[in-house]
Each structure stands twice: as structure tokens, then as C-alpha cells.
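Next up, some structures in C-alpha cells.
In the two assemblies presented below, subunit A is common to both, partnered first by subunit B and then by subunit C.
The block that comes next holds the complex of A and B.
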């Protein structure tokens, strides 16, 4: 059987994890694991819709700005005295609206998603600063904050609530992508959009739906981020879009569309998270972590390519010598 | 379908008018950005006359100079249907390298600029080799390079800062001096811009970049050395970014490791606003430069008008969306019009 990249990343993740258990004191403690996974909760959440988008040949660079907008709105509305129970639905609606705008520009106006979402990346981040300016709202009560911080875990496990939610959503995403007609449609759209259209797949509607889901999840990630740090700021999560995409691509999802698995993307996210935690525990400087992320990303696209090239070369040599 | 009773025009004429229509639309793009720019400047000037005094104009040009350079480099890559996200990191690394090199010494300006170009060219060479010979998606590779270069920069800097006091006066003079009332930096940008525009428009290799962006497959079949051209595009973009890093040092004197952090998306925005399609094959560096000038001018105008600078990002984003939407709609109309012409 041909080795698959997502399996390789999974194996790498396990290897890194086991190395961590063997070499690093305190890595395996419940507190540390809860912290390590909770620390990448928002990136992990946003990576799920991103996986579906990239499989369908699209990309959404505005996710982190939507996170920021959602965080700023949460803070501003809380400051105005709204109840948290009303803030969350409002913020989620804003996320849906943002996703609709992205999707509308891509599907109805017919623009490339990369260009559109670079625009909305600036737009949503800008709106976040308009809403909250350079203020920070920090007086979120413990009643709500406890659902996002790493000191509260689902009883009996090291899973925090955001991580537990991520697991549920990851299972849903995996089922949708790999065992439903809709999932097959995503692969079809990513592989050959025109062919998918002529095969009767509702390309535009499905793409619109994906962008809306991405907006919704990003807005929710904004609420989680706000509660986790107990701080609503307009620049929350700045630059996360790159990290989300890095994680998804690291997991072997093909940027050209049509290939990828949710398992791979999840492994990619966890690998980044575990590596970050291990490097920090071993006092490796932050800048080295940044370099490692970059190298992993380049390796993730270069290695499969090199494997194919080498095996093609071997085939050719075998054919000429025989 | 309506039947036209017009006599069919002679074939060469149709062709010429079709081409002039295409030309007009593309020129219209640059004219409309220039128009928007003029309106913006006039409006701001009326509201606040100090916007256009000597110092005001100088500031506008100085602010735009570095972004214009980066936009020129980026357009050359985007025209080939690729993208270079590492430019912001390259500027940071090059600025720091140059600062480290000159601090406390009296190296000549030229040496510093060459060092900047060299640092950038090495980065561009690595990205370009990976994209052209490794045949891996440009976005992923240059995103990886963004992290790698940024990490190297941080690692090297270790929080250290280059201060203007350590930078030789000759270098600082390049950033603040002027000739005939025009500051050096914008002049340099315009020179690079004009040179690049000339090569892209006139040279065979320049035209081949457009061919690659329009249809890589067709370009390959037509015998265009795609790998070499794409590599050259990245090399150029890297070298220009490195050069911009050296100019950054000259302009600001103070350099920290995360200079130009996050600029990559601003640069791409400027390029796209300027009419260089993200899917490659169309657009000019003049347009990209105008896009960059428009974005920085919006920032300056908001500051002068005492509008909260918080609005700057939102306006830049909305502008980008408007620009690409209008582009697309005009494009669809034009295709329809051309089809109707050729159907006749």
C-alpha cells in the first residue's frame, strides 16, 4: 500500500508524544496536557471548517479576523451591560453574516476566495478595532470564564470544555467529509469544479455553506478566546489565520483541493500544539519554535512530492534495465 | 437573440476595436485608481490644507516608498500565478542584518544597499527553488518561509534593537535627504518601478511571465522555460524586499526584529487593488504601485482628518473588495461584449 501523508503525520505525532513522555518531566501531568491542548483550542476549532474549505479548493484567510471581531463585540456588549446569554447568539449571528459575505462574493460575484478573504481579513479586523478601539475589556465573571480555562476539565479526564467540543466537532466533520454525499461533493468540487457542476452538484450553494460554517465557528472561537484569556481586545488572535492554514496543510490536506482527511488535519493541529508545549517545557526559545513550524510546513509539501519523484525515477530505471 | 441589421465590419477592424476595448478597460483600471487617489487627496486637502504643504507631500511620498517597492516585487510573482508571503519577514531580516552590519562603523551606503539586496536575494532564491523545482504550492512554501525567516530574525536579534545613533550618518541621509525637493526614497522606488515596467512590457522574458500566469500549460507547450522564469520572479521579489529592508533602516534608523511584521497581506492587498489579478496573467506594476500609494494615502488622510485610525483597516478591506468586485463585473461584461462582436 502506498504510504499516506496523513498517516505519516499521525505517526510523527505519536512519536513526538512518546518522546515527550520519556524525556520531559511534567509533560504527562494532567495539568500540563490540559494546558497544552487548551492552548491551541481556537486554532483547532477553526482548522475543522478550514479543512472542508481547502478540500473543496477554497481558502478562508479571514477566520482570525472574525475571531477578533467576535471577541471585540463580546467585550463591547458585555461592557454595555448585556447578558452573556444574549451576547453569544448575537456574536454567532455576526459570524454567520461574515461568512455569508465571504461566500456571496465568492459564489455570486465569482471572485477567487484568496482575494476575497484577504479583503475581509482587513475588513473584519478593522471593524473589530472600530468596535473596541484599543480598549481591553477584562471583567468577565468566573461563572462564564470557567468553561474555557484549562483549570476546569471534563470530570475524570484532562480534556477542557473547548477541547471536548473540538472532539465532538471533529467527529462530525470527519463523518460529513468521509461518509456522506455532501463530503463526496466537496472532494468533487475541489478536484474539478466544472465537472462537479455538470454532475449535478450544487457547487455554489455548498461553497456558500462552507464559508458560513467557517464564519460561525470562528465567531465561536472568538468567544472561547475571550473567556480563556479573560480579555476582549480587537487584536485578539492576530495572525492565527496563518497558523490554522499551516496546521491543515501540515496534515496533508492538498492546497489545490480534492485531497485530504479530517484525521490528517487534526493530527497536524495536535502536532503543532504538542511540539509547542514540548519545546516550551524544554526551554527552547520561541523563535526556534517559529522556525520549526516553518520547516514542518515546507517539509509537509516537499516530502510527498519527493517520494513520488523518487519512486517514479525508480520505476523508470527498473523499466530501462529490464 | 436580437438580429442586428448592421453591415459586418471588415475583420481587421473588429480585431483592432476589440483589442482597443481590452486596452481601454485595463488602462481604465489604472485611471480609476489614480482618480480615486486624486479625489481622496483633494478632499483631504480641502478639509485640512496642511495635508499638502511641503512636509505633507514629503511624508506621503516617504510613507508610500517602501510599500510601492514591495508591491512591484510582489506583482512580478503574482503575474506568474504564484504568491510570495515571505516579503514581510524578508524586510525584517534584511533591515536587521543591515543595521547589525553598519552599527558603529562607517560603511558606505552602497555596501549597505548591496547587503540588503543580497540577503533578500538568498531568501528569494530558496523560495523560488522550492516553488519552481520542488513544484510545491507557492502559498504553502512561502508561508513556511515566512515563519523560517521570521524565526531566524528573532533568533539572531534576541530582542536587541538597532538605534539610529549607531547607524552612520551617510545611511541616514539616504532616508531623509532629497534632491530638488524630492526625497531619495520615492525616487528610488519610481526608478525600480519604471525599470520593472519596461522589462515586463518590452522584453520577451517579461511577456513570458504573463504567458505563464495566463496558462502555465500553454506556456510550457509554447516552449517558455517556466521553472527559470518563476525562479527569476522570486529572486527579483526577494531582492527587492531585501533592498526595501535596507531602505527601511535608512528611513527609520531604529530597527527591531519584527519590523514589517504582517506586511505580506498589505502588500498583496495593494497589488490586487492595483489590478494585478491573484490568478495571474494580468495587471501592471504601475497599477500595483498606484494601489500601494492609495493604501498608504488612505492611512495618512485618516490621520490628518483625525478620523480614528481604527477605521483604516476596515476601509482598506472594503476598498479591496470593491476593487476586485468591480474588476470582475467589468470583466464579465467585456467578455460578453467581445463574444457578441466575434459572433457577428
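The block that comes next holds the complex of A and C.
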């Protein structure tokens, strides 16, 4: 049987978790677990559309900027006296519009997604600053904020509502990617776009859809983030795009496209969250934490390739000796 | 691995032409957008939750319940955690190191933890961690006065004392704020010092940080107010420029000021970046010795310019004292000597007695003035 990297990450996650239970005081408490997972809720949410994008050979670097724009807009409209019930659909529409722009530039103008979304990363963050400047808007309604914070959990569990929503969406993403025609189309596009096109897959339309979903989810993550911290700022979630991509790659989704599982990405995101929490609880300096994440990432990209190379080499040797 | 049979049949290619022209999807998108907009408007019409409904501006509830016992001794073995804006901020490092040293004086244990970036939300996970570690007090220099609020309130609920220093949180989210100096004193004293140097006459200008920096604008407000007094009738503030706390921009703004106002006699720069950049420009220009520069700076940045005569004096609070005071204040809270209510008194080691002011503020005292005579005693 071929070793699978996503299974390995899952095992690693369990191992780290169990180590944490055994060694770190305070890790196992309900409060801490609720916090630890809620702390990466937005990254986790955005990792789902990112997984689909990367499987299809695309990437969206603008997700965190869209989160920031959504947060800034939520704050500005709230400050202007809009009803929260109106703000959310408006902000989500802005997310869809941002996704459409990304998708349009990639599919109709024909630019590579990496280049396009580097541009929109700056653009959306810039717009966020235009909307809110360096202000911070606070005092969001408790009726909604309580669903985002880590002190409210699904009764009887340590799962907060953003995390519970993530689980539901992860199941949906897994079903779509692994057991529908659309999912198979994504793998086909990621593996060989031209072949997929000639096989009759609506490559452009599917890619456009993926960017729109990414924009929508990022905008929603922006609302969650804003409520969770109770502070809308233009710089909210700065740098999260790297965490999202790191989590997806760590989960064994191939950056070249065509390979990967939702399970792996979920394991990757949880591993990053649990590790961060454990290291912080043990007073490990932030710089070291960044190094650990970096090393894990390099390992996750390197190891599967090394395994392939080694097994190929063994194959060749076996062939020559026989 | 993808299997060929799993792919849709080539027959679907026939339909692609129509789809690419995009008539159907575009209509559908427009319709969806319209529906969502209508829905949004309806919701807005129905009222909904707006800002007016939630005026939850909480006041500090410190002091409620617990009673202060001014005679209680400082507890031994207190665990204090310093949470700076970011871990590699050299100024806050001095403060924290001094605070940790103070903790050792009263038999406590201090440590510094924190994020490597100063973004609004990065401090939150550290607060949670400190709660899990059951620290006795958290001392925080807040990156965002509100983003840290929820977790700090959680901490206080679990009887962990919260002291803000350097940058305050919203008052409801901490028990004490250790203020470096009162804004009024910082503002007025800078005008007073400069006026003395200029013999109370001549044109002056201000080199500030960013246009919307709260602390800068408060100070400048007090400077302008001070200048209204009759003693300063021969002094005129001609311009306030903004160097955005960027070395190069501050440098250029200084250059611009001196070119635009040839009669300029003095510059106040109440920001450490600004004053250092201005001093660098003046020291290499013909204005050296003719234009007086004063403001807030750090001794390490300004030493050279004090020694070469570009700058006679400047001021800043002593971060070591600030950290020291914070540490003692946190210990006094954790030992039950004070609760954070106005009028309570506590002893801060060698700094003497301090009184809690309005809104739980403790003021360190007037800024320290640095000049040739004392600058070599300070290293920060």
C-alpha cells in the first residue's frame, strides 16, 4: 500500500493531541479546547474553498484581504447605523463580487491565479483601509457576537458555533470533492487543464465558481472574525492567507494541482491550531512557533516527493538486478 | 487518481458555446443579486439590530464585590505575566525587564510572553493561555483597546488581575492603567521647556507622527492651549507637519519646514522617530545651533545629538520606572491591597506611594528631562 500523506498528518495530529493531554496542564480543559479551535475558525473556514482551488491547480491569495475588507465594511456600516441583518448579506455580496473579479481575471482575461490574486490581495486590503482608515469600530450586538465567541459552545461539547459550522461545511466540501462529478472535474482540471477542457469539462465556469465560493466564504469569515474580536479594523486577518495555504499544503494537497483530500486539509488546519496552542501554553517563544510551522510545511512538501523518488529508485534497481 | 470514465462525456462540449457567450448565467446572476438586494432592503425595513439598540458601553466594574485591605502584605510567589504589543519591541522590552526585576524584589515571579507581530488580534491567544496557566496578574500593553476586551474580562472573572500599561484597553476590561504621564503634563511641559530655551519669543513648529494618532493629537491640543497664555504672546505656532513616524518622511518634513519658514526658531517633535530624524537633519545643516529642537526621544537615539550640541535637551518618561510601577501595582491588586477604585493608595517599592486616580489610572509622574548632564546614566 502506498503511504498517504494526509493519513500521516491525521496520525500526527492525534499524536500531538495525546501528547498535549499528557504533558500540558490546562490543555485538556473545556475552555482551552473551545478557545484553541475557535482561534483558527476563520483560517479553517477559508481552507475549505482553498483546498478545492488548489486541487484544481489554482490559488487565491486574496482571501485574508477579503476577510479584512468584509470586517472593515461590517464595522463601517454598523457605525453608520445599518441593521446587522442588512450588513451581513451586503458584505457577503461584496465577497461574491470580489470572487467574481478574481475569477473573471483568471478565466476571461486568462491571467494566472497567483498573479491575479497577488494583485487583489493588495487591492482588497487597500479598499479595507479606504473604508475604515485606521479606525476601529467596536460594540457589536451581543445577540450575534455570542455565536462567534469561545465562551458559547454547542451544549455538552467544546465546539464553538464557528467550529461546528466549519465541520458541517467540511463534510459538504468532502462530499463535493470526493463523490460528485464536479469534484472529479476539479481533479481533472488540476491534473491536466487542456485535457479536461477537451474532455468536455466547463473549465472556466468551474474555476469562476471556485473563486466566487472563496470570496463568499472569506467575507463570511470576516464577519465571524469581527464578532469574535468585537473589533472591526482594516488590518484584521493580515497574513492569514499564508496560514490558510500552509494548512492546505500541510494536509498533503499538491500545489501543482490534481491531488489532495479535504480530510488532509482539515487535519492540516487542526494540527496548526493545536500546535500553536500547545506551544503557547508551554511558553515557547513566538519565533520558535513560526519555525516549527515552517519546518512542518517544508516536510509536508518534501516527504511525499522523497517517498516517490525513493520508491522509483528501488523499482529501477529491482528491475536492473532481476 | 482520476479515471477517464469518471469524466463527463465529450457530448457536453457542444453546449459550451452557448455557455461561453454567457447569456443564461448572466441573467441568472442578475436575478440572484436582485433577490438578495430586495431581501436586504426588506430586512432593513423591518428594523433589525442597529447600533442604537446596543449601547453597551460598560463602566469598569472594578471594586465591586471585593473590598480593599490597604494593610494586607504583598503575597509571596505571585505570578505576573507581561504581554507587550509585540515581543521584539525594544522599548517595551526595557519596561518588561524592569517589571520582572521588580517582581523579584517582592518574591514574585514575572515573565514576558507575546506575539511577534503587533496586529490587533494577535494578543488574544496569549491572554487565553495565561488564564489557563493561572497567572495571578496580566500586564498588557494593548494593540487594540477592544479586541482584547472579551478575553481580559474572562480573566478577571477567574480572579486574575489585569493591569494595562503603555497603551490602555477600554476601561471596563482592566482594573488599572499605568499611565506614563498625564497627557496634559506632557503637552504643556514641552511648550514650557522650549519657551525657556527660546526666551519666550519666535516662530515655532510641531513635527508630529500620523495625523490621526490619538496621543499625539491630545498632546498637541494641550500645547496649543498652553501657547494661548499671555507669557507666550511673542511665540507663534506656524505649522504642524506629520512625519508618520517614518524616519525618511520625518527627515523630509523637517527640511521642508526650515525652508518654508526661514524665521523658524524652534521645533517640538513629540515622537521618538520624529525627533531623531529632525536632529539628524539639523546636525548636518546650517541650522545647527540656530534652531532649537525639543520633544520626546530616547537617550540612545539622541545621545549623539546632545553631545554634538544639536539638541540641548529632550524628555521622556523612564520606561524602567513604568515597568517597575506596573509590577508593584499588579502585586498590590493580587494581594488585595487595592481593587482599582479611585483614591486607593499603594506602595511601589523605591518609587514610593501612588494613588489610584479616576477610571483606575495610576500616573507615573512628570517626564524625565535628559541633557548633557544626565544622558549617560540612561541606556534605552
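Odds and ends about this structure:
By our rule, the second predicted complex is superposed on the first by the 319 of 322 C-alpha atoms of A that agree within 3 Å, B and C clash if a C-alpha of one lies under 4 Å from a C-alpha of the other, contacts with A are read in each partner's own complex, and residues count from 1 in each chain.
By our rule, a residue touches a chain if its C-beta (ideal position, glycine included) is under 8 Å from a C-beta of that chain, and two chains touch if they have at least 3 such contacts.
Keep in mind that what you see is a predicted model, and the values were worked out from it rather than measured.
Using the contact criterion defined above for the overlaid structures, shared-chain residue A:302 touches subunit B, although it does not reach subunit C. Once the two complexes are laid over each other on the shared chain, residue contacts for A:287 go to subunit B and to subunit C alike. Using the contact criterion defined above for the overlaid structures, shared-chain residue A:235 touches subunit C, although it does not reach subunit B.
Subunit A is touched at more residues by one of its partners, and among subunit B and subunit C that partner is C.
By the touch criterion defined above, A:124 reaches subunit B but does not reach subunit C.
In the superposition on chain A, A:82 contacts subunit C only, with no contact to subunit B. By the touch criterion defined above, A:201 lies against subunit C but remains apart from subunit B after alignment on the C-alpha atoms of chain A. When the shared chain is aligned, subunit B comes close enough to touch A:111, but subunit C does not. By the touch criterion defined above, A:321 reaches neither subunit B nor subunit C.
Overlaid on A, the two complexes show subunit B and subunit C touching the same residues of subunit A, namely 133-134, 238-239, 285-287, 290.
Taken together, the subunit B residues at the contact with subunit A in this complex read 83, 130, 134-137, 139-141, 143-155, 262, 265, 268-269, 272, 278-279, 308, 310-318, 320-321, 324-325, 328-329, 332. Within the complex formed with subunit B, the subunit A residues making contact are 59, 61, 105, 109-112, 114-116, 118-127, 129-130, 133-134, 234, 238-239, 242, 245-246, 249, 255-256, 285-298, 300-302, 305-306. Only residues 25-27, 29, 31-32, 35, 39, 78-79, 81-86, 89-90, 93, 133-134, 136, 138-144, 149-151, 181, 184-185, 187-188, 191, 196, 198-202, 204-205, 225, 229-231, 233, 235-239, 258, 276-277, 280-281, 283, 285-287, 290 of subunit A touch subunit C when the two sit together in their complex.
Per the touch definition, subunit C reaches subunit A in the complex via residues 2, 4, 6-13, 16, 19-20, 25, 33, 36-37, 39-41, 43-44, 46-57, 87, 111, 113-117, 119-121, 124-126, 128-129, 131-134, 144-147, 149-150, 154, 170, 210, 212.
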